[in-house]
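Here it is, the structure, as structure tokens.
Letters are used for the chains, namely A, B, C, D, E, F, G and H, taken in the order the chains are written, and counting of residues starts over at 1 for each.
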Amino acid sequence: MNEKELRELLEQVRAGRLSVDAAAGRLEDAPLADLGYAQVDLHRRDRCGFPEVIFCEGKNREWVEGVVRKLVDAGQDCLATRVHAELSEHLARVFPQAKQDVVARTFWLPAGQSPHVRAKSGRVCVLTAGTSDLQGADAIVAVAGMDGALPSVVGGLVDCPVVAVPTSVGYGAAFQGIAPLLTMLNSCSANVVVVNIDSGFKGGYVAALIARRRFA
Amino acid sequence: MNEKELRELLEQVRAGRLSVDAAAGRLEDAPLADLGYAQVDLHRRDRCGFPEVIFCEGKNREWVEGVVRKLVDAGQDCLATRVHAELSEHLARVFPQAKQDVVARTFWLPAGQSPHVRAKSGRVCVLTAGTSDLQGADAIVAVAGMDGALPSVVGGLVDCPVVAVPTSVGYGAAFQGIAPLLTMLNSCSANVVVVNIDSGFKGGYVAALIARRRFA
Amino acid sequence: MNEKELRELLEQVRAGRLSVDAAAGRLEDAPLADLGYAQVDLHRRDRCGFPEVIFCEGKNREWVEGVVRKLVDAGQDCLATRVHAELSEHLARVFPQAKQDVVARTFWLPAGQSPHVRAKSGRVCVLTAGTSDLQGADAIVAVAGMDGALPSVVGGLVDCPVVAVPTSVGYGAAFQGIAPLLTMLNSCSANVVVVNIDSGFKGGYVAALIARRRFA
Amino acid sequence: MNEKELRELLEQVRAGRLSVDAAAGRLEDAPLADLGYAQVDLHRRDRCGFPEVIFCEGKNREWVEGVVRKLVDAGQDCLATRVHAELSEHLARVFPQAKQDVVARTFWLPAGQSPHVRAKSGRVCVLTAGTSDLQGADAIVAVAGMDGALPSVVGGLVDCPVVAVPTSVGYGAAFQGIAPLLTMLNSCSANVVVVNIDSGFKGGYVAALIARRRFA
Amino acid sequence: MNEKELRELLEQVRAGRLSVDAAAGRLEDAPLADLGYAQVDLHRRDRCGFPEVIFCEGKNREWVEGVVRKLVDAGQDCLATRVHAELSEHLARVFPQAKQDVVARTFWLPAGQSPHVRAKSGRVCVLTAGTSDLQGADAIVAVAGMDGALPSVVGGLVDCPVVAVPTSVGYGAAFQGIAPLLTMLNSCSANVVVVNIDSGFKGGYVAALIARRRFA
Amino acid sequence: MNEKELRELLEQVRAGRLSVDAAAGRLEDAPLADLGYAQVDLHRRDRCGFPEVIFCEGKNREWVEGVVRKLVDAGQDCLATRVHAELSEHLARVFPQAKQDVVARTFWLPAGQSPHVRAKSGRVCVLTAGTSDLQGADAIVAVAGMDGALPSVVGGLVDCPVVAVPTSVGYGAAFQGIAPLLTMLNSCSANVVVVNIDSGFKGGYVAALIARRRFA
Amino acid sequence: MNEKELRELLEQVRAGRLSVDAAAGRLEDAPLADLGYAQVDLHRRDRCGFPEVIFCEGKNREWVEGVVRKLVDAGQDCLATRVHAELSEHLARVFPQAKQDVVARTFWLPAGQSPHVRAKSGRVCVLTAGTSDLQGADAIVAVAGMDGALPSVVGGLVDCPVVAVPTSVGYGAAFQGIAPLLTMLNSCSANVVVVNIDSGFKGGYVAALIARRRFA
Amino acid sequence: MNEKELRELLEQVRAGRLSVDAAAGRLEDAPLADLGYAQVDLHRRDRCGFPEVIFCEGKNREWVEGVVRKLVDAGQDCLATRVHAELSEHLARVFPQAKQDVVARTFWLPAGQSPHVRAKSGRVCVLTAGTSDLQGADAIVAVAGMDGALPSVVGGLVDCPVVAVPTSVGYGAAFQGIAPLLTMLNSCSANVVVVNIDSGFKGGYVAALIARRRFA
């Protein structure tokens, strides 16, 4: 609730158009929908630009289904990551209209009004070893394991932010992603920022936020 | 040299308007100005959006002065970081028109055409503990040491990228910035990206790149 | 044996009411009940306020059953943690009167006189993400993984100790709980103390000790 | 502002006894006193039981003096830690009525009403190698370096919480306090909690909070 | 393309013997064969002395088969490492003329012209605990786990480079190869260089490059 | 071959009682029995006091059987550690006269003359939590995980060396034995020495060597 | 106080030859001499074979002098380590009869009866790079930095314990002694035990304890 | 002493041309020249191709001067590294004919016959950021700090070994060279080998050994 909304609410109380009880209720209103086993933050879309995303690792099917329903009921897009095979099958039965990507292990159930959002999403480039055209991207997501040198090399060639995602693939002194993480943090290219090891979701999320700035 | 320029060059060779020697020279032309002790990358501004920045730690006054002159002669803005006291005095004598910030230890010598760049730089917010208004920022730079929890908290309140800068201040299990670095990498807020420990420059640089997207 | 008891014993020896052998036996008496494969510390309840707790990881059913019996025979409460499925079934057969919590993997067999203890246990709050009322707690147990920022945030809002428990859930740079452990140790809130990674038991134990101070 | 205060404020607005502007101002009122270079949290005493404590490392004399004055003006106790020699002399000149401990490097300027607080502070025992009487303590602060075994040994003998403080003194594989930190986190005594390396202040603070529970 | 080749190409354009389109195509020609899911670097043999080697861990049979075919079609030797059992059987069916080593988990399919290469490969000695004759080697590959002291001892006895390969076998403070890695990096013998943990392939590759210098 | 033996050998050559070939052979004689896949050091017993011990982890049954046979043929005691179930069954069939300990996973096949060795082995005490009598030991083996405080406590009570063995059992910040390893290395008791994590064999071996000094 | 002494004391109480007060005093008697700022453990010599040793790092001259005097008054040998220059001069003035070694930074003030102790100390060999004769030692102290391979090599040649002391000298991946520490812990020689980094004192102490076993 | 020399010596003994004493002396002859405080390995040149090199860090002028003299007297080249200013001045006075490089902190005193050695040293390229011509090198030394990506990039372009030297320059997550060390160990280029952090000497030494293979 911003200052303008606050003043309007108080004005309504003063004018007798809103009872003290109702006003107190709205001022105390928590932005969390309580499912008993979980709190769903329904105000997040307004506050942060995207609804809450469900990280499925370590959660059972009832938990995930309940949170998806709560978001759907609130008319919000619903994205879930790290969807394991058994959970994927369950969600396919319960939400047949959703899209799932088995390789990326993601679940996607858009609300009705989302198309215009995508129309304004800018250009994001997810970098692979053989990518040949970086020109024109608003943000680049560069995923690398082992020596993690790719973002440094790319960062010196472009004029947009490079979001580096270290991966835990590899062996030996890669130390489950510590080596590429350090390489990326130490990049001599000043436009390279880093997210957590194996956090491809976060890499894409931030790149989308940056690309959306075109329309801010 | 993009494809169009390449074809034009080859067309000139074919038409006899450009000698083989001259064409070979241009195709082999390195974008580096060689100072003997250093290579200055003069094409970086066109490629990456900003000229090369001088990291002064461990370099002597002659080295830094030489690179500054090379950038100035090429009509480019010149920013230097980690300028120590003795170097600062020397640069003040040699380049009296430059601006220096003693606390931030920076040196800034803009070229003539830079004002319009700043006019299109968007809104960047550098976050401190008492900052009260985050609304409207294109990007936020959040600097924190010790438990490094600030970017996580802020990240959940805004809809733009948060560039987290861990600092080495603190003691004990802060381990010279390792603790806040890990906290930031593990942030539950998906819009938090991280740069190197104590790399405030990189934090600001990336935030500026993001904010500039408004005008892309 | 405190000084008063020591003097009484010696007085009995002097007065001839206690033989030298008996006195020597009591002075040498070990507070450990020897089961051959384990030593049960039966004096712990008097010394530390709670009887010994059985950590079941890596122990077989005979071992655990034997220690439970020894505590029961001594009229002491018996709590066991990290009770695996196979062990749980065995204990349920042998001690049908005990309570077990499958999710928390705990076994609880109270002795007859324990109710009055619980009546004096104060108020402990185990914190989850959606907890809305912290007022009035004597101690708070805050469990968090990944960035581990929760205890820092809560610590700044309350006037009682916060016992922070880092968990190994998460991925990447969470490093099996090292990241939240460091965050918690570096908390800017001075009322935050930390226990071992995944040591929820210790978190609750200390919180109970603190809450019991009300009745000290 | 709790619910009761909120309803009273809204009732005053409804009754016309408080203008909308004044009500908005109080609802937006930040508990931070802004000094320009620092924010002093004056509500902390009510919220957390103790006023804010000043960590002086890396801060200049003007900064510290300003914060002390702000706390004094608000009628609050003022404690400062890590007071270096030069700062200590300055503070002694400016606040001659304050007490300073040169070895502990602390500054202490109590407000008028603090005595009754100390009268209700319970019993805290700061443990040293030769301490002989642990009986009756509400909380024990155990400071140790190198192998850090002291809290484990003491923890098994008492019925109150032991706040373990690892120190960075020592050499070799003590690794600036990492070794005793790990020892303490792994203590087999369930009543041992841990604070940051060299954070004696936090150790004492938490012990005082625990001891104060007697009077909760 | 070196300078001489570049000048010849430009001369052909000038003389009208090569069209601008053809010249542009050759100047832009990427040395990567694109398989959709992978880029095969076919120029690597000319540039680096050996064709690309396939690291099979985490790749499926179609991926590997496709890359092998591309190399074979280009008339290049094909070596694959970390070939798992299921993949090995598949490759044996598809490329019956290839050689596989089940213990070393390698796949080797030489092109026709490779024999003369081997005839000029120098002498490489792979060191085991009981090796008795080091005389005359051009390079030594020394593989060791645990304390990793072997390369240090050998390095002091010979006049050629020793390529040390730390292995992750062992237990306890060997820390999956960190201990022998550090031992080898710290070797007092100046002729000891190190490769990644468990990177026997790289150890042999570099030793072969060194031995080949005889014929440079 | 010590100096005396060397002189005698040379004297025999000089006197013509030993041919040059035979002398060269003996001077070049390697103390290693070569099995092709392994080198058995048969001189170790004379040099180090005990024959070579077989570490079975990662070795197949043929390898182990071959080495056992070589030691048996040389009339030496044979001890093997980390004997897995499948290997244990195989060895039981092939060497029915050997003793195996399933819990300790050891294999023991003494040669005929070993009894007198054991008669001179001194007194070694392997310490467990409930051990009550440390008096009279020549060496103590103290095994501990988690906080690893046991050797420190014991070390301050006895006048013989304490060989501390950290174990990887435990959880959280025990970090697979790193925590007790550091505790033991930092022990304030000067008579505590440390061996590798989980190296109970080495702990017992060194304690036996120390105890044997009684008869040196 | 052992069992025999305990029974005699109790017998004296029973017989009226010792008052209850005196007996209580002796049973409660602490083996620590309290200097206010330090506790000197005077029973240590009887219990552990050597008197307490003073670690001088971080202690002032008055502290050290006081502890030396306490040991001297008790008729015990006094050894102090890490004696800095300023402290060394002070001790030389106060205890002119003591011996000091400036390079080893040690202070040694023997009590009258110590010679016979040294006569029974066995043979300890402190190993340096050029040591040529290891035969006959009861224990070897091997000091090494960087790759720390020396103890492994020596351990395979002798039949007595080797006490390995890693040192922090060196650079780069020696990591202030971590590298040689790991090398030594992972030594393939079963007779190698390890003490703390730079703990030459402990290395010598344990070697002396081992050598003394000859006379146990 | 190789087999041929051994047989000749024994033949001389047999023939009475060499006494047993003399033969024993030569067989026992150590290749170390003992200076009391140091052992100089004079056989190293024959065995390893280069004489011993003096690492001056932590050694005083008398020590270094003595070792230089011993090498000079033996007619060997003498190279010393990490020569500090005070030592440099001393050596300049004592050995005026030697060459010193103040920036590299090296001392070089060649023996008379060394020129022909250098004539056969092959081609080594020490890589800096702006190096433009790598063609024709026998070995490349690539020095890099921070992200350490240089050797990976170069390794993919050349057909000779690349000796990577991580440096400790940099800040933050470079961790005194750990980050570039890991990057280099994880290099995707199979021809990259690594030496210790800041060990430029070793990098050059190995490159020279490789280049010399041309003449093997």
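Assume a contact is a pair of C-beta atoms (placed from the backbone, for glycine too) under 8 Å apart; a residue touches a chain by one contact, two chains touch by 3 or more.
Keep in mind that what you see is a predicted model, and the values were worked out from it rather than measured.
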Partner chains that chain D and chain E have in common: A, B, F, G
Common touching chains of chain G and chain B: C, D, E, H
Chain of greatest Cα-centre distance to chain E: D
A-C, F-G or E-G - pair sharing over half of the A-E contact pairs: A-C
Proportion of interface numbers common to chain A and chain E (over half same, under half different): different
Cα-centroid distance, chain B relative to chain E, in whole angstrom: 38
Inter-centroid spacing, chain D versus chain C (mean Cα positions, whole Å): 27
Distance between the centres, which are taken as Cα means, of chain C and chain B, whole angstrom: 54
Distance from chain H to chain G - Cα centre to Cα centre, in angstrom: 40
Residue numbers of chain G (touch at least two other chains): 172-174, 181, 185-186, 196-197
In contact (per the touch rule at the top): chain pairs: A-B, A-C, A-D, A-E, A-H, B-C, B-D, B-E, B-H, C-D, C-F, C-G, D-F, D-G, E-F, E-G, E-H, F-G, F-H, G-H
In the complex with chain C, residue positions of chain B that touch it: 146-149, 152-153, 170, 172-175, 178-180, 182-188
Chain H - residues contacting chain F, complex: 3, 6-7, 10-11, 13-14, 16, 20, 23-24, 27-28
Touching residues (chain side chain G, partner chain F) in the complex: 44, 47-50, 53, 122, 135, 138, 155-161, 163, 181, 185-186, 189-197, 201-202, 205-206, 209-211, 213-214, 216
Of chain H, residues touching chain G in the complex: 30, 32, 34, 38-39, 57-58, 166, 168, 177, 181, 196-199
Residues of chain E defined as touching chain F within the complex: 129-130, 132, 169, 171-174
